[in-house]
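Look for subunit A in each of the two complexes below; its partner is subunit B in the first and subunit C in the second.
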Partner chain A sequence: MNHQPTARTLAQSHFRTLRIGSPFQPRIDALAKTQDWYNWAGYRAPHSLWDEELEYFAIRSQAALFDISPMTKYRIEGPDAEAFLDRVTLRDVTKLKPGRVHYTAWCDDEGFVLDDGTLFRLSPTRFRLCSQERHLPWLLDSAIGYEVSVEEETEAVAGLALQGPTSFAVLRDAGFAGVERLKIFDLADFPHDGETVTISRTGFTGDLGYELFVHADKALSLWDRLMAAGELRGIRAIGYTALNRARLEAGLIVANADFTTAEHAIRADRLRMPDEIGLGFMIDLEKGHFNGRRAILEARARRKLRHVLVGLEIEGNIPAEHAIVYHKKHQEVGLVSAAMWSPMAKRNIAIASLTRPYGDTVVEDLWVEIYAMRELQYQKLMKRAKVVARPFIKLDRRTANPPADF
Partner chain B sequence: MTSFDAIIIGGGHNGLVAAATLAKAGRKAVVLEAGAELGGAARTEEFAPGFRVSSVAHLLNRLHPDVVKTLELERHGLRFSRADFLPSVALSKDGPPLVLHGAYGEVLTGASASEQSAWKDLRAQLLRYAGILKPFLSRRPPDLAGMSMLETAALGQAALSLKKLGKEDMRDFLRVLLMNVADLLDEQLTDDRLKGLLAFDATLGSHLGPRSPTSLLGLYYRLAGETGGAAGAQMLPKGGMGAVVAAIRAAAEQADVAIRTSAPVAKVIVEKGRAVGVVLDSGEELRARTIVSAINPATTFLDLVGPREIDTGFVRKVKNIRMTGDAAKLHLALDRPPQFAGVDAAGHKGRLVIAPSPDHVERAFNPSKYGEFSSEPVMEITLPSLADPSLAPDGACVLSAVVQYAPYQLKEGWDAGKPKFLRAVMAQLESYAPGIGGSVVHAELLTPDDIEARYRMPGGHWHHGELQADQMLISRPVSGWSGYDTPVDGLFLAGAGSHPGGGVSGAPGLNAARRIIAMKG
Partner chain C sequence: MKAWDAIIIGGGHNGLVNACYLQRAGLDVLVVEKNGWVGGAATSRELTPGFLYSNCSYVCSLFRPEIMRDLELPRFGLQVISYEGGAVFTRDGDYLANYRDHDAHRREFARFSKRDAEAYDRYARDVTRQCRFIQPLLMRTAPDPTSLKPRDLGELLYLGKKFAGLSAQEMALTLRFWTMSISEFLDEYFETDVIKANFALSGIIGTALGPMSPGTAYVLLHHYMGEVDGSVGAWGYARGGMGAVTKALAASFKASGGTIRTGAEVDHVLVRGGKARGVMLAGGEEIYGKLVVSNADVKRTFLKLVEEKELPDIFLRRVRNFKIRGSSGKVNIALDSLPEFPALPKDSPVYRGDMHFTDSMERMERAYDDWKAGRWSADPFLDMVIPTTLDPTMAPPGKHFMSCFVQYAPPKVNGREWTDADRDGFAESVIAQIAEYSPGFRDRIVHMEVRTPREIEAEVGLTEGNIFQGELTFDQLLFNRPVPGYAQYRSPVGGLYMCGSSTHPGGGVMGAPGRNAAAEILRDLAKSYQHMSPAHDVI
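Coming up: the complex of A and B.
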């Protein structure tokens, strides 16, 4: 048998690497003491690197470096880019100035949420749309009738989130002059290694923090630059478990964790409109037409919104992860999608989806049933739950200007 | 400025029917026609000095009785008399033709006794089954998401009439519904001429061959039409198809419909999800509560409304409507009437069909799949000036033929292909009517390309969307929006691209107007 690989089989060898590495993989691999990986959109991404508790506290007390390269990224450019995005997404893109970022979501014709994500306005005619799921066919079909180009740049662009109280100081010490001028949701370009890095004051932690985007071939030099500058400021690489806790404290939702995106939902009752997952605030009926507008208006008018996403505070200190929510301890009214004991809030918090009117007009007498495994036996706990506002924590340093030096 | 309740875009017959029906219900309506003349593809036009012909549609076989009644078209000059019913003549090179007399072959001549009896049974069966589908023509397709009591009742009626067939017949109806026409014909008939004619009729105007699955539906669609109360009957309107449009126009004008020609619409104005008016090419703006588009659905949404005012999923659906035509139209100005071999005088006044066998039709279809025209095309021919001498100078003759297959997307392009296709068509004609070539004073061949440009029919498709099972009923023009209303409030569709489809029926226009009236639009 001849086992010499041909050009054809070499070209097909992608399937031999089931989970590809990100541009930062050499650095992450070197730090991955736990070897605790998961699959993020086809990438090998760490759940944790050395200790998920300490990684979490790196976000809240130091500076945490999290690789966001696997996030889906689209480059959207052209004279009609603004109009195109205004039609695709819920919020008014004409109000998003160049050098600004906003959190938004987009729907199908039926008004069901396809995804949420962040939209970066890099120039009057150039945007970057970041999201959990992939949407290229949808975006390309949406581009019919617009002078705009849509390109996926997930692999070409590497991304890092630098989050935590010392994150500003790390960037300043790394020599990104002028980064102190970035207010929350601002972005700007800075020189790096002969190219530029786009730094925005954004993040997924509710803390002071930044996100950095750079060409994939400059990824390692950026990592090294930050790590060197941050050494004395407690910079640590972290995995998703820590980030997931921080985002829950910040009250942020994750597509296909806290709600099912429309293209992934198989069961008809799993589809969600923005109003049903707490994103109703994005809907701008005063702007021009946008996908799903008609269906959303009709659902509002006919009171067809069946679900509501709420923040819960639960008595005790046992996380209520994926617990069923009851009304009067017996009627099932919803499910917890994320839960934790919050070290910052000192509260037992959760995000849950409830069937209206529960969580909407009926918020009294709600309970969650927690199954706590205690040495191979479930201890069933029925705990009182209170609907509370999100975010669960609010940190002044997130928005303080100038950003605090630590 | 006069204000209108309804603006109707497109002065084809469906637009006029919709306008007249709305006006009769008290709406102030205006029809905006882009061309200099009304009628769309149902006009009578002069194509050579002294020679006039029905432009694309040349036979009247499905003008809906509700349209005739609602608009009182008989009062406006349209006559339907049994004496006008045309025979269909299945031409043959090898011998005498076969003739279907009366309403789609009430009497068959030129065939063996056993074939006559087999035809009698098949004809009765076809009409019975087409009769089940017929009531759907004059209604909105069932709205699966939210059916009203009336719609549910109507659907129940269809189920009942199906049940009335009896168990065996009902099973057979369901068995054959989506069959190909060739297999059904082979089951029941033996005469190639008869089978060829039926195969031709089933596939006329669609991108199907007789052996393509579901091709039988085209025959049902034809037989669900009626003329003068007789299913399947056909006639040549006196004065050409333009006379039919003139009658509809007279009805519209009597109901105070304002009609403007040479007034192409550039844009439908949409404000906050609602259509509120139109802008003409001239820049003039007209506003109304209801906008009715009786033109092509893709043109309506992609060009006039624009993708920016509608959702991406809907744009996808509209872009996916298949509408590339396969039929060409031939107009010949002849210095004397042609003589088709073996055909008597009455036959020459009828519909002459060159489709010698289902195999022949299938072979004519084959190249069209690959962007080539048929080298031996099939066609239906009429000689309208024989019965209506006003259409041609004294002693001369007009030939009007629908010729298949001529794919819209011809690989070599129609500039290069058209003269070649004309030669193939003339050769075919010559073999059935020797000497006809020598009598041609002028020949006009309209390829789908020409039909598109001249009659604003994208793809040159007279149904404004291929009429096949996946683009019928609840899927016409697109799934989810088959009931004449659209995702844009106040904007309705009323053309052939909507249910039930094309042909000079007026049914889409009538159904749309009824829907608008029911919605108090």
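Coming up: the complex of A and C.
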């Protein structure tokens, strides 16, 4: 037998590289002083590159470059793309104009959240959906009856987040003329290296910041362009630990960290409706039918929403990561999913999921029990927790127009 | 005529912290500040276009996070950024760096001594233990050991219990720490001169003592007690310069309804019947207040602002003998490009940390010898930082602000006042030292602010320009700060309080004196201080 090699047989060798590199990997490897990697959806991604604390401060004082290429990306295109996405996702896509981005989520027919993500409207008929998890079967099945194509383009498109107070100045100095016109959640195409780069004023830090998407083969030249322009603006590449701190301060949630996505939840009681994870604001009942609408309406009407996701401020300065939340110090009412001492807010903050009515109508007398391991002993601390609004920090520079230089 | 509930003399960081807490407790508070701006020794002024200086204090660590939180300083713009380590340049063209990464730090030390490299953990453990003992005391009023009041007895018991909680070995170490010289202390851990010089600098900063003077080991502890966001001992830059601290305090104070009058120098405190009634400004204007709080140092407060007849003799004598000696100066430099240090690789993080040139204990002690002789040090000790490597707000891109803390500078030169020529000579000793390690340094200088003890006293009001409002030696700490019997922020004059760094727990931009003083005032007024968070747990 003499078989010709096909794309499929050529792809066999993937088993030799269990963690693939992103299009930016040569640059990231060169900066990875700590060699502190983790597995982000099959990519070799940095937890930190040189110092996770200082990387965090790069986000908050200068400009930080973070590789978001491993994010799952779908290209959704066709005359019915708008109608299709309006049907699949919670927010009103007809209100999302070309050149705009919104943060959204989508549910299964029972109203349970499949994922949250960002939807970029690149043209009247073309969208990009970015998310943590993979949804191709769900999207393709939902597309039946619509004139729309759904294509997974995770590896073909490289993504960078440029975040921090000098991020605008870096882009301007890099020659992206007109970038000053981008208001928060705007996007536009800019020429780069014979092709185009899509720049949006978005991010996961609550700070001034941008996200850039480019064909994978133009990734390195984009990286170099930003690094060169940013040298005098203090640009630094960072890893996920720093970004994760910034996102928590911004009060943003992470799928399968702060809630379990519906296609992964084995245990039925882990499923969550948007109202149960702080995403109720996305639900637009004015618009037409969307997946999960009936179930969500029924749950609201019959008060079947059992959970609530809240921001907490906890006394003291010891992070309450994965601490149990109590009412009156004895009744267990929930769990902290993310917690930290916030350098920006100078407060001990947390995101927690509570069982209603706690965190909803009963917000007094809440406590968290912190188990702080210190030299092989738990120091157990019962600390008062206060339900507070998210985001935990609000930075004027994030939305200032025109954006400032720092 | 209006009588304020409280008048604070001086808008330094402690005065403002005090004012904020009192205003938030419902008092009607006025801050009077002699300069046209607030901030005291935590100011950032633009003296040449485009460059913001940290004119006096220049790094941040000791400022208590509990205070930042209580007074919502982040909301009013305060942001503190950790920085990256630092180095001592050695005269043979090398350097000894401090890295934040534990193993990089060990390998760096091993370049000089494998033994010392492995001794670092033991040193760090002992210093940390001592810090954990002292840290909880920062936010408490020191007990009066002669008093039989239940509160004092309770606090003494607390102190005693903490002390008794130490092992015999630790107790011995604690006492040694409080009394030893930094030189002797470091001898117990390290054998390499440059490594000792590297650590010794924290023992002499701001102090009119040399590394071989007893008491300097404690000064080192004082510089290790701070934190940046939970990293105990770490130091950072306030984004926008140290003035950002007082700017945020002033904004917080005003937002809660407080009033600040700048350009209002106090001539003296009005006292009637042994009780403070307000202040008289230099122009003769009288402002009345139910109580007066002085942010000025203890000497300035009681030797200049209060009439002698109002004070008991023994108190006056002790105030006169309070050690608050000028020992340091400051050179702030605007640079048109980043200086190069050929000893450092171009990608070294040291550029973003603190840099020093004194590579031996002997050079450090010799610098002190000059001070004793009434001269500024010919070969000074510098603590030099370039905050603009991490803070884009203080200079245009590519340009830099460099802060040089300089030691030693005597309060008087050969027994006479400083002259402008002396000041220039002092600056030259600094520039010459930097230029020796950084060719072309002089050509990069755009502007320079030179501050000897004369300038610091004249502008900020710190007696002799002492940055701590009084030496941090054990005879002037806890219940002896500033003087025995008056360590609880009260004074012999009724209704006149102290809230500056002359009081417990002392100087550095810590804010604890201002906060603790507010607690005592509110206690006297029988007002709640629920809005004041307790100190964070040390677990």
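As a working rule, the second predicted complex is superposed on the first by the 395 of 406 C-alpha atoms of A that agree within 3 Å, B and C clash if a C-alpha of one lies under 4 Å from a C-alpha of the other, contacts with A are read in each partner's own complex, and residues count from 1 in each chain.
Operating definition for what follows: contacts are C-beta pairs under 8 Å (C-beta built on N, C-alpha and C of every residue); 3 or more make two chains touch, one makes a residue touch a chain.
Remember, it's a predicted structure, so these values are computed and weren't measured experimentally.
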For this session: Check the residue A:Arg8 against both partner chains and state whether it touches subunit B (first), subunit C (second), both, or neither.
Result: neither
Exercise. Who does A:Arg303 touch here: subunit B (first), subunit C (second), both, or neither?
Worked result: neither
For this session: Kindly classify A:Trp138 by the partners it touches after superposition: subunit B alone (first), subunit C alone (second), both, or neither?
Result: first
Exercise. Who does A:Arg293 touch here: subunit B (first), subunit C (second), both, or neither?
Worked result: first
Exercise. With the two structures laid over each other on chain A, which partner does A:Gln379 touch: subunit B (first), subunit C (second), both, or neither?
Worked result: second
For this session: Considering only touches as defined above, state whether A:Arg16 meets subunit B (first), subunit C (second), both or neither.
Result: neither
For this session: Please tell me which partner, subunit B or subunit C, touches more residues of subunit A.
Result: C
Exercise. Touch check for A:His330: first (subunit B), second (subunit C), both, or neither?
Worked result: neither
Exercise. For subunit B, which residues count as touching subunit A in their complex?
Worked result: 270, 272-273, 302, 306-316, 319, 487, 489
Exercise. Which residues, counting only subunit C, touch subunit A once they are in their complex?
Worked result: 65, 68-69, 73-74, 78-82, 84, 100-101, 228-231, 239, 389-393, 397-398, 533, 536-537, 539
For this session: Please give the residue numbers of subunit A that touch subunit C in the complex, ascending.
Result: 34, 51, 53-54, 57, 60-62, 165-166, 169, 232-234, 315-318, 341, 343-347, 372, 374, 379, 381, 393, 405-406
Exercise. Where on subunit A does subunit B make contact in their complex?
Worked result: 83, 87-88, 108-110, 138, 141-142, 144-146, 285, 288-289, 291-294, 297
